[in-house]
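Pasting the structures in now, so scroll down.
Each of the next two complexes has chain A plus one more chain, namely chain B in the first and chain C in the second.
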Partner chain A sequence: MSIALKRRDAGTVALLGGPVLICAIAIIAPLALTLMVSFWERQMIGMKPGFTLASYALFFDGARFTVLERSFWMAASATIIMLAIAYPAAYLATFKLAPQRTRIFLFLLSVPFLVNYVIRTFAWAYLLGRTGPVNGLLQVLGLTAAPVDWLLFSDFAVYLGLVAAYMPFMVYPIWLSLSAIDRRLIEASWMLGEPPLGTFLRVVLPLSLPGVSAAAIFGFVGSFGEVAVSQILGGVGYQLMGNAITSSLDVLNYPMAAAMSSVVVGCMLLMLTLWLRVFDLRLFLGKMLGR
Partner chain B sequence: MQAATASAPLLHIRTVWKKFGDRVTAAGVDLQVGNGEFFTMLGPSGSGKSTVLRMISGLEQPDDGRILINGEDVTDLPPWKRGLGMVFQQYANFPHMSVAQNIGYGLRRSNLDRTALRQRVSELLDLVSLPGFQNKPVTQLSGGEQQRVAIARALAPRPRLLLLDEPLSALDEKIRREMQLQLKDIQRATGTAFVYVTHDQEEALTMSDRVAVLNWGYLVQIDAPLALFRQPRTKFVAQFFRGSNVIEGRFTGSGAQTVFDCAAFRLDCGAVDNAANPPAVAIRNEDIRINPRATEHETTFDAVLERVVYRGIYTDFQFKLADGQIIVASATSGEALDPGAKVRLAVRTDRIIPLHAEPS
Partner chain C sequence: MASRMTSSGRRTPPGRSLVWLFLIGILVFLYAPLVPPVLLALQDPATGTLNVTSFGAIAGDQVLMGALLNSVIRAIIVGIAAPLLGLAAAQAVRAFGIPRLIITVILLPLFIPGASMGVSTSLFFKLTAIPPSLFTMAVVQILWALPFAFLIILTVMSGFDTIYLEAAYTSGSNRLQAFWDIELPQIAPGISGAAIFSIILSFNETVRTAIVQGGNNTVQTFVWSRYQQVGLTPNMYALMSLIIAVTLLLILALVVLGRRGQNKTQGRAVTTASEG
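Our next item is the complex of A and B:
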């Protein structure tokens, strides 16, 4: 890559130029526009170009900031829950399944994505509802007398929706980094007197951290910007950052929506920067674990 | 579990069997390795040598038979409880650790304090001639350096036995030769018994105190390098060490009066039990003299020169015997001979080795 860049031949420019152009038009320009609009003044209908921090002031002052905090903790805790499921799944797929079955397992993980995710999320709403099959089953089994309320329109439902939506994505990068580990490293660790648990902590886990890091980014970014899950499974009034932004748009408060979007994007960039530092420091982390 | 006794050999492999599917990779292998010994298992790929090594390590389980270390039955112990060291073909150093961390890996359970740990690591680096390499990342070392780190790492916890699985085969020729001598030095300096697996006959002969030759999972012969080289037990061993002629013939007489008879010569063999079929003898190329002055301990016979192959230090002369079998003689001096020449060859009778049947 670096050699190719140094040469700067026509092919390289053409190859890199396309993606850079698409990035600029589809991502950078809208973000720049959003940032610009966030400083504009709101009017009864529409907005007026200018420079005011009014939208930001309103945002950091009001209830919307609590929503940002809540979204952050929601996304962080959901990411931890998803890692706790995705890592063992990827581990089993790598070390315990025959190669033939691993392929089937990974394919099955991608099956839900053949269905539009809004439809999938509505399906959860049906399953978890007061008259849904889950409550029906619980009552038939005699576990509850009346339908359980906290299954739907609750934190539980939102967590479940987030896990169902993003956890499968997180298995792949972890599986990739686990399957890249040379089995002889594990054997070498055993031969040096380290039993399987010690071997996992000192060799397998540190070497899989890049995959864990990528998976965490997938999960966090997805959950932080989620709109559909919180709206459908959280119920009326359940607000995450994405919902707050859409409701501002509903009342045509574009500068406010833009300000909130800018803050979210800024948070993401900050977190990604921190994350990449950790990612780069994985050798250091490995050193600590390996003593 | 038997108690360890002073008289028990360091390693005792008792009639171990292992099958992968219907391929037998260890067929009743039975051998012993003593303290401080450099023991080599030699064989072509598929001979079962690596499987036997992995069964000693505990990374594979035998289907049948026992493995004893100092008289203690370790067959059912997992690798991490056997107290052995292992060096792998592709080094298998931990890529996320420095040289010192790799070497110190197995010392975590030894309760050494930091100073003692550092001391032990630098001791080992001196042993493998990599002084001052402590803080280098292993991934930036050359192949030879990486393998030496792997050896130091395996020796760090003072294993009862060091297992080496073709450790030099990934290195290039020149470094391989240097490492052969260095490995032998390391083995002498530490006094640790080495069990070494290789397919390279030169490696086996250079370093080993004793060599076991394996083929199709069977142990064919165990001997000191010189004995193995001079006295191959079967046709397989004779041909595995390049530079041997295998001449076929027939037996006349029987019992103690058995005589090997081929077109060129007759040889009194005495009683040969379990002889190769058809009967055969091995003669090393360099044991054949061309147009010699006869001495009383030699067998002489006529042959016709077919071709001359110049090989540098020596020259191979390829002869045809009266019955059409080919025999090759190597000589360092360039005999002035042309193809078609009729010559007289001589071999000391004690250098004609009657061969046994392959084990099965």
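Our next item is the complex of A and C:
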């Protein structure tokens, strides 16, 4: 980069630095405040400044911890399912479609993502219901005599809702790193006699790991803190971490909501830090940074 | 290489059709939920007959009309603020020597679950004694749209060769002039794309907004609270169908805008080439 562009003057610093600083504060300050509040004491209504681990103790001790555990496994397994769909999709779109068609496919993938996922989840509740089209189809095909109950208000329904909500989002980072792979490396591997599977396992897969991990973080974080999918498709009493947080907020237990939220954000920051340590951001965003 | 792969794919039709089957299957899975709201809005739950009364009924709902106005106002605010902030951040990535830090911070909201971000911002407003208002809802939505707007603008900016800016500097223009006259026209399609993207995200955001809404409603939080309080009726499905329709129209606008931007840059490239 040229020296002229690096040259800084007071005007530029203020004009660019100001808004960026405001954004940074608006993003970080609430998270820091939440961590602080999580150590405060709970009052009958509201909270009192102080330092107590009461909220954390209650969290890790009680029924909420089961919710944390369940959310964790749910999010982890959902992430693996989503990767199992998103990776082949990104792979096929990158290597098996003409560039023009890849763009069209990625565009079509993004359209439903932009439609409110809560509305899409409501629609799934109808599609999967006892009198819904999926059950109707199963009966017409003779696969089942009576409506299948486990389609809705079940783990299955929640998995399906999570996949519908977050999987499309995961295709992009994987596609980004797959399309950044230097095709000559793949050719070289072929020429050196490596069979297609070997080429995939030893060249393509390792080089696409930055995108895979970014996608995994997206999917995991989304599923972990989910509110709407679990409430609509899981049925009454089905709780994931996001539900536990919002229900604490509903009963005005701010320190508890803050403690649970901080644990979730802490997990997320840990994963993000690990990701940034293992992979160079430029490997992944190199295309966008343009250098 | 790519052409070799496609041609080898063509020689084996079964593999090729499996590829299509898989990709189309994913698309069907994702588009299926866009259909039921329209059907459920048109169908009378008691008699099963089809009619459009539910669409008429939502126009008479005062609370809903207020929520709609709120949604539109906020979409405009977010559609202006997010791209401008995204532009500033993207320029800062290039101008300041700390691109990693800026990118990480701006993209952070992408990695934080909606419920956590909602709780944090609502606590922040509570402690700073800012009452829930259109402003607080706008802030939450701007923070949500910002990473997307930022990424879009960053992508467009990476296609702009900074050598033109240097040429402008050597010809004696200052930074602002160079940006305004040289770079801005080139990256303008990206900025308007980011604006429409932000409007769509604002219009479709529920979880974060619902936590800081206070007494205000948007179309989305209206649907969500009705669902929690009384369940869904044909009127609500009619509203959802309209939301889907508006979103698809906005996406269409985005496509048209993208096409036009592409033609413009292509046209300009041709002019430059013929001049050179």
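The rule is short, and it goes like this: the second predicted complex is superposed on the first by the 252 of 291 C-alpha atoms of A that agree within 3 Å, B and C clash if a C-alpha of one lies under 4 Å from a C-alpha of the other, contacts with A are read in each partner's own complex, and residues count from 1 in each chain.
In this text, contacts are C-beta pairs under 8 Å (C-beta built on N, C-alpha and C of every residue); 3 or more make two chains touch, one makes a residue touch a chain.
In this text, all values refer to a predicted model and were calculated from it rather than measured experimentally.
Of the two partner chains, chain C is the only one that A:L33 touches; chain B does not reach it.
When the shared chain is aligned, chain C comes close enough to touch A:F224, but chain B does not. Once chain A of one complex is fitted onto chain A of the other, the partner contacts of A:M256 are absent, as it touches neither chain B nor chain C. Taking chain B and chain C in turn and counting the residues of chain A each one touches, the greater count comes from C. Once chain A of one complex is fitted onto chain A of the other, the partner contacts of A:V203 are limited to chain B, with no touch recorded for chain C. In the superposition on chain A, A:V158 makes contact with neither chain B nor chain C.
After overlaying the two complexes on the shared chain, residue contacts for A:A78 are found with neither chain B nor chain C.
In the superposed model, A:V67 lies in contact with neither chain B nor chain C.
By the document's definition of touching, of the two partners only chain B reaches A:M191; chain C does not. Residues common to the contacts of chain A with chain B and with chain C across the two structures: 184, 187, 287, 290-291. Chain B contributes residues 57-59, 78-81, 83-86, 88, 90, 92-98, 101, 104-106, 108-109, 137, 150, 153-154, 156-157, 163 to its touches with chain A in the complex. Chain A contributes residues 182, 184-185, 187-195, 202-203, 206-207, 282-283, 286-287, 290-291 to its touches with chain B in the complex. Against chain C, the residues of chain A that register as touching in their complex are 1-2, 4-6, 8-9, 11-12, 15-20, 22-24, 26-31, 33-34, 37, 85, 88-89, 92-93, 95-99, 105, 107-109, 111-124, 126-127, 164, 168, 183-184, 186-187, 217-218, 221-222, 224-228, 232, 241-242, 245-246, 249, 254, 257-258, 261, 264-265, 268, 272, 276, 281, 285, 287-291. The part of chain C that touches chain A in the complex is made up of residues 1-2, 5-6, 9, 16, 19, 22-23, 26-27, 29-37, 40, 84-85, 88-89, 91-97, 99-100, 102-106, 108-124, 126-127, 139, 143, 146, 151, 154-155, 157-159, 162-163, 165-166, 169, 175-176, 200-201, 203-207, 211, 220, 223-224, 227, 232, 240, 243-244, 247-248, 251, 255.
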